[in-house]
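My questions all concern the structure below.
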Amino acid sequence: MGQRRKVGSTNTPSSQSESADASKVHSRKHNICMVSDFFYPNMGGVESHIYQLSQCLIEKGHKVMYNQSTATTCFHSLPLLRCVFVRERITVVHAHSSFSAMAHDALFHAKTLGLNTVFTDHSLFGFADVSSVLTNKLLTVSLCDTNHIVCVSYTSKENTVLRAALNPEIVSVIPNAVDPTDFTPDPSQRPPDRITIVVISRLVYRKGIDLLGGIIPELCLKHPDLHFLIGGEGPKRLVLEEVREKYQLHDRVRLLGALEHKDVRGVLVQGHIFLNTSLTEAFCMAIVEGASCGLQVVSTRVGGIPEVLPEDLITLCEPTVRSLCAGLEKVIAKQRSGSVPSPTSIHSRVKNLYTWKNVAERTEKVYDRVAGEEVLPLDRRLRRLRSHCGPVAGSLFALFAVLDFLFLLLLRWLAPDRHMDMAVDATGPNGLWKENRKNSDAGC
Amino acid sequence: MVLKIFFPQCCNRAESGLLVGRWISGHDSAVVLAVIHYPFIPAQVKQYIQQMQAQSRVDLTVLGSWSLPKDGQEGMESFLRDLSTIFPQERWLQIRRQFGKTGFSCEVLSRDQICGKNPGEKAEKKKKKSEEDGGDAEREDEEKVIFVHYEQRKVMLSQLHPVEAQESGNGSEPNSELRQVFGTVARSQPLFVLDRYDDGPLRSTHWQSEGREASIVVELLKRASVPLGLLLGRMLSVWTWICSARILSVFPLRFLFSKLSTCVQLSYRTERLQTLGAPQAAPQAAAHMDFMRKANVLVSVLLDVSLGVLLMSWLYRDQNIAMLASNMVPAADRVAQKLEELLQWLMGAPAGLKMNRALDQVLGRFFLYHIHLWISYIHLMAPFIQGILWYGGLSACLGLTFALSLLSDMVALFTFHIYCFYVYGARLYCLKIYGLSSLWRLFRGKKWNVLRQRVDSCSYDLDQLFIGTLLFTILLFLLPTTALYYLVFTLLRLVVVLFQGVLHLSVDFINSFPLFAMALRICRPYRLAEGVKFRVLCEEPGTALHLLMEINPLKCSSVVQTYRTPTYSCYPRDSWVALVKKLFIGELIYPWRHKTTKSD
Amino acid sequence: MGPDGAPSQSVPWRKVLWEWQPFPDNYVDQRFLEELRRNEGIRQYRYWAVVKEAGFVGQQLSCVAIFITLWLYMEQGLLAPETLFWTSLTCALLGYGLYQALTSQTESCSDHRTHLADSQSAALFLSFTFGFSPVLKTLTESVSTDTVYAMSALMLLAHLVSFPYAHPSPPGSLSLNAALFASVCLASRLPGALHTFAMLTCALLVFALWPCLLQRIRANAPGQFTGVCVGVCVGGVGGLGSQSLGGAVLLSLALVSVTLICPLLLVRLQRHKDNIHGPWDEAEIREDLSRFLH
Amino acid sequence: MEDEAFSNISGKAISLDCQTHSSFCREFTVSSPKMSIGKVMVYTCSVWLLAYAVFFFTENTAVLSSAILITLTGMMLHIHFVKVDHESLLVIGSLGIQVSSSYASGREVTTFIEMSRIKDIVINEAVYLNQIIYYLCVLLKEPSEPNVVSSVVPLFQSSKPRLNCLAKVYESCQEILSKCQ
């Protein structure tokens, strides 16, 4: 069955009335439901994005709840999602990541239930192979009547618009953010007699670990004081281990294995240069974290990476061993001559670029805009599906939409809304339930 | 705080007197164990309590006074109050029962109050120390009292589950309040020896045993069982000495014994009987488990032997054995004949299947020859069968389990030809399957990588491919024939294994079923308690809350679970899926017990 | 970010995220999708080149037809097994000579198989086939003829589908095995053990050795390759025609569609290709990175 | 001593009986509706019709008698093991909590939890089939480590009252628990 967690909730009538008095543009408070297959304790870009964004939105007085589930299929999830949406009085459903089946389910059902929907795409996709053709079709269907889409970079926006055949006007670009207080420089941690290159990523093909396996021997043979510090775990770890074995670099290449998110900073500050060898990336949070810790960043020029950092903070290379080696050589030379800016100055430049507060404000604007829009009624939704998604897929999914609607009617008849208990707000000032809801995370 | 008083039901109608019992520290509750009646000499009471304390290792004290006023006994009030000075306590309970009323009333006096002597107080009120200077009745803090009535005999005899091993073993009290209450009542058994009709200096009310006569009989029986036990123990030790001393641990013998279920049963029984003679475990909880285990073993052995004797009495009556023996050879003949027919059928075109004729003929002839061998063996054995059965039947006097084990072994011996067929079929089939699976990989241009435990692609030479394909084709076309033989003989084998399995299961059931515990659970449900349940007794306004504590008996399933005697498990050691998989790839299956899977 | 109002056109929009820009989040600039590229690095096919490549497929199809023709002759007793065996042996020797000649023209001794190893292999083939042919003869006795035909047809089809047309030497495991399986099935239907032996030898020649020789011809004498293919095709159609006319017509239709029509379709449909590329594509690693490992 | 009407999560009417024995001893009884005759009739009739249909084709009277047997045993098993008539919760301050459920046949299953093992009583949320429900549960602790919740005992498992009913029970339970700390 599904598993559900409460991130927190702070919607109260009193705060609503207070803010109504204030002459803000967005006086409306939303009840937002974040939906994705990924959540704590697995830590990745999407997970931390959802978590941090939710925290900031809660601070701003919205009610955010989070829904995560595994192994649900199309119609199976409708009763549960409906129960969640009705109980928590959800007004906006915000789904994350196109890889998440749950996100697509939730979008589909939310439209049936007449709720406003927002979708955030975190990843890039090609157009070449069969699997991406199918995924793109699914995305087209899923997004053709979604109210608004958020992308994390301009490249990602172009990609999503092309994949889902969207009007670019309803796609906003809101980058990810990094908590700058978590990533502060500490040059005293750097060993003085060597230059350390830090790599932190999952060790998979898409992150270009094969390139890294070529760079390591190339550079280590040239620079005897060069060390590598590699954090992360994955199937490509074998490649790195074989390289280390073959060139006898056990003392200079350290594989740290999987890292907790809180340990990342401790690893970053030990290095001088941060290397990112990704082959595709929508918005690379790792390089922002690296720069925030005061490291020189060397990265491949793929996806949205060129948009992320200003040219003087990052060295962009082509995704080849030679180009990356050249870029690293240049930075190493600069590092030796001491002509690089100090870590503190880099940190102070980076720290205000991407903040969660900013992201939350911009997302809030999206919600305000979406809340004003109408949700397509069934007949217009069907017409839109038919006209927008092609005759075959469109008709098929129109049929699904009709079935979904009928199923919803059946559910409303079987278990009417009035038989559902409205969720009680745990931490409001009317804290009648203070003690007992403390334990409501305990699950069953 | 709420004061809980555990009050025995048998003292409800006791005459007035002193309450003897124990304060349970940390829980604010008191267990009343007995009432000592008037008249008494306080010094004697003190001495008696000390004596009891030494015997039972329960810190007994005088808790307070109990009054059930009868006609013409007014003015007790002040007398009872005076008693508290004689037996100085932290708190002094004054429990009173009005005649004709069901509820009790209780007054709790703290030590200072007793010294202050404040006679005008009402019941159910406890004065705080601060009250003395002020004398203000408004500042009294209401102390609430719960009376929990319990049945002393049941509580004394019952054992709370799950049994805690460390309970009162090293003097540390268990954390649970109920356990403490149960422990206190159980341990103060010496207190209950004092009879109402004793002419001693003290008279008291508590649970009374049923009378001495029964216990005398029990005592006599105990005395009588001692020499019997000694004799049995001697015999057992001689037997174990034989078992250990002889050259039983030489390889072929040991292997044989581990496969013969009679020998396994023999060693198991010896082991169980040895535990009977083991010394008693010291701590109380362990003693309980020990006692239960021994009783279970004893009862199941007795049952087993009596069933065995029953079987024997049937066997040796009316020439039953001779009849069995005379039926056995024809039965074996008939089985052999059926098998021959089956093989003839297989050698034709069975069920319209297309078999390879040459291979079919070869296999069929081979098996026919085997059956021929077997029949001659049986006929050779025929004159001895009655003797074997007669002596084998004697084993039933050791118990039904032995007879069953012997039967299982005999079945195994008499169906040896089926086992042989099965092994040949399975080996042949296994070889075929193995060869086909590796050649199928060659067919697809793959090979099994032993080091990485996976299938890798591989480019073979032209001649390897050619020969591999040739062999693959041959094996593939011969497979149905082999598989059919294998299938038929496996089914036969499974029938035998199933029969043996049923025998083993019943032996195991008799060996492990906790008969004594089950009987105890049915006849004396309170002896094995899972917990307690409370019932609210009728409440009268103005009196304290009265609860009745009843014992919640252990569920039958948990009785079996707790007291099951560990045995060699003879359940199929792999799951059904694994069994089917084994059958499919042609691995051999055995019904034998495996000593490694000993379940505790 | 910024207000949702009309953007001031004074500042040009830049495609960066790190800079605050006076445009709304959903602003769409002129330069939106300007990095989109279509059909990058596409290959243009020429019709006759494709036809020439497709000739190989047609040739293989004809090989199967020739084999079936030979089997038909054998089954009807029109061809003596001795004749077939000796013809096959002669053909094999001739082919081996040609193979050696073509090899010596270009690379002399990069191939490390010696003549001794080759003759060993040949001896192995012959002895095994000869030894097993009585067993093979009785193998499918009880299996009905229809089943055998269906199995053979399926296996020959599998052979054609899985044949590695790009690099036919050495022949792929699955295709060769399927063909051999089919030929064993067919050979076991023949009247005598010697027939089986001859048929299997022939199968080895057609399915295992001929593709090696043909590949060598394609590599070293491309001019003759077309001729050989056409010859084989004509032989296949003619051979089948001598047994059944319908089979020959079907075969020639298949040959035409494979060698002429399919390439035409490929070249025609090339125009409708629409491949989108852009910065979001996953970068490809084109270098050979295994040199760092081995 | 009042008897109030509430509904359970599927909208059926249940009643909560709150009995105060003393200031620190209260008993809550949630009674489910009685088994409806109509439902029993429907089930019985459907089984019998099916049996009759089978009988019509096989002409075997054993079918009919087995159908009768099946309905009878099914009903017995249902009222003995499935159908819970009422569930009660007896809270005795400083002694413990007793949970009991009585089946329609009169069988009663009772469990008593001592105060030393009780950490708290809370209302929790859970995913139940395809909906999310509130339920009342007792959190247990091991005496050795008093800050860890070792297990959870859900209350009113078969009647599943709605939040307003749970809140009522919860409030008076908390009152007693806080008084007897």
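We just call them A, B, C and D in the order they show up, numbering each chain from 1.
The working rule: a residue touches a chain if its C-beta (ideal position, glycine included) is under 8 Å from a C-beta of that chain, and two chains touch if they have at least 3 such contacts.
To keep track of the chains, here are their UniProt names: A = phosphatidylinositol N-acetylglucosaminyltransferase; B = Phosphatidylinositol glycan anchor biosynthesis, class Q; C = Phosphatidylinositol glycan anchor biosynthesis, class C; D = Phosphatidylinositol glycan anchor biosynthesis, class H.
If you're wondering where the values come from, they're calculated on a predicted model, not measured in any experiment.
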| item | value |
| --- | --- |
| Highest C-beta pair count, chain pair | A-C |
| Separation of mean Cα positions, subunit B and subunit A [Å, integer] | 56 |
| Whole-Å gap between the CA centroids of subunit A and subunit C | 46 |
| Length of the line joining the C-alpha centres of subunit B and subunit C, rounded to whole Å | 71 |
| Whole-Å gap between the CA centroids of subunit A and subunit D | 44 |
| For subunit A, residues that touch 2 or more chains besides their own | none |
| Residues of subunit C whose C-beta touches two or more other chains | none |
| Chain contact graph, described as a line, ring, star, complete graph or other shape | ring |
| Partner subunit B, residues of subunit C touching it in the complex | 121, 124-125, 128-129, 132, 135-136, 138-144, 170-174, 176-177, 180-181, 184-185, 204, 208 |
| Interface residues, subunit D side, partner subunit B - complex | 21-25, 27, 90, 92-95, 98, 100, 110-112, 114-117, 143, 180 |
| In the complex, subunit C residues that touch subunit A | 1, 4, 15-19, 24-26, 28, 32-33, 35-36, 275-276, 278-287, 289, 292-293 |
| Of all residues in subunit A, those that touch subunit C in their complex | 124-128, 153-156, 158-159, 161-162, 168-175, 206, 208, 210-211, 213-214, 217, 239, 242-243, 246, 279-280, 282-283, 300, 302-304, 307-310, 319-321, 353-354, 358, 361-362, 365-366, 369 |
| Residues of subunit B touching subunit D in the complex | 1-2, 4, 27-28, 144, 146, 148, 175-178, 531-534, 536, 539, 545, 547, 552 |
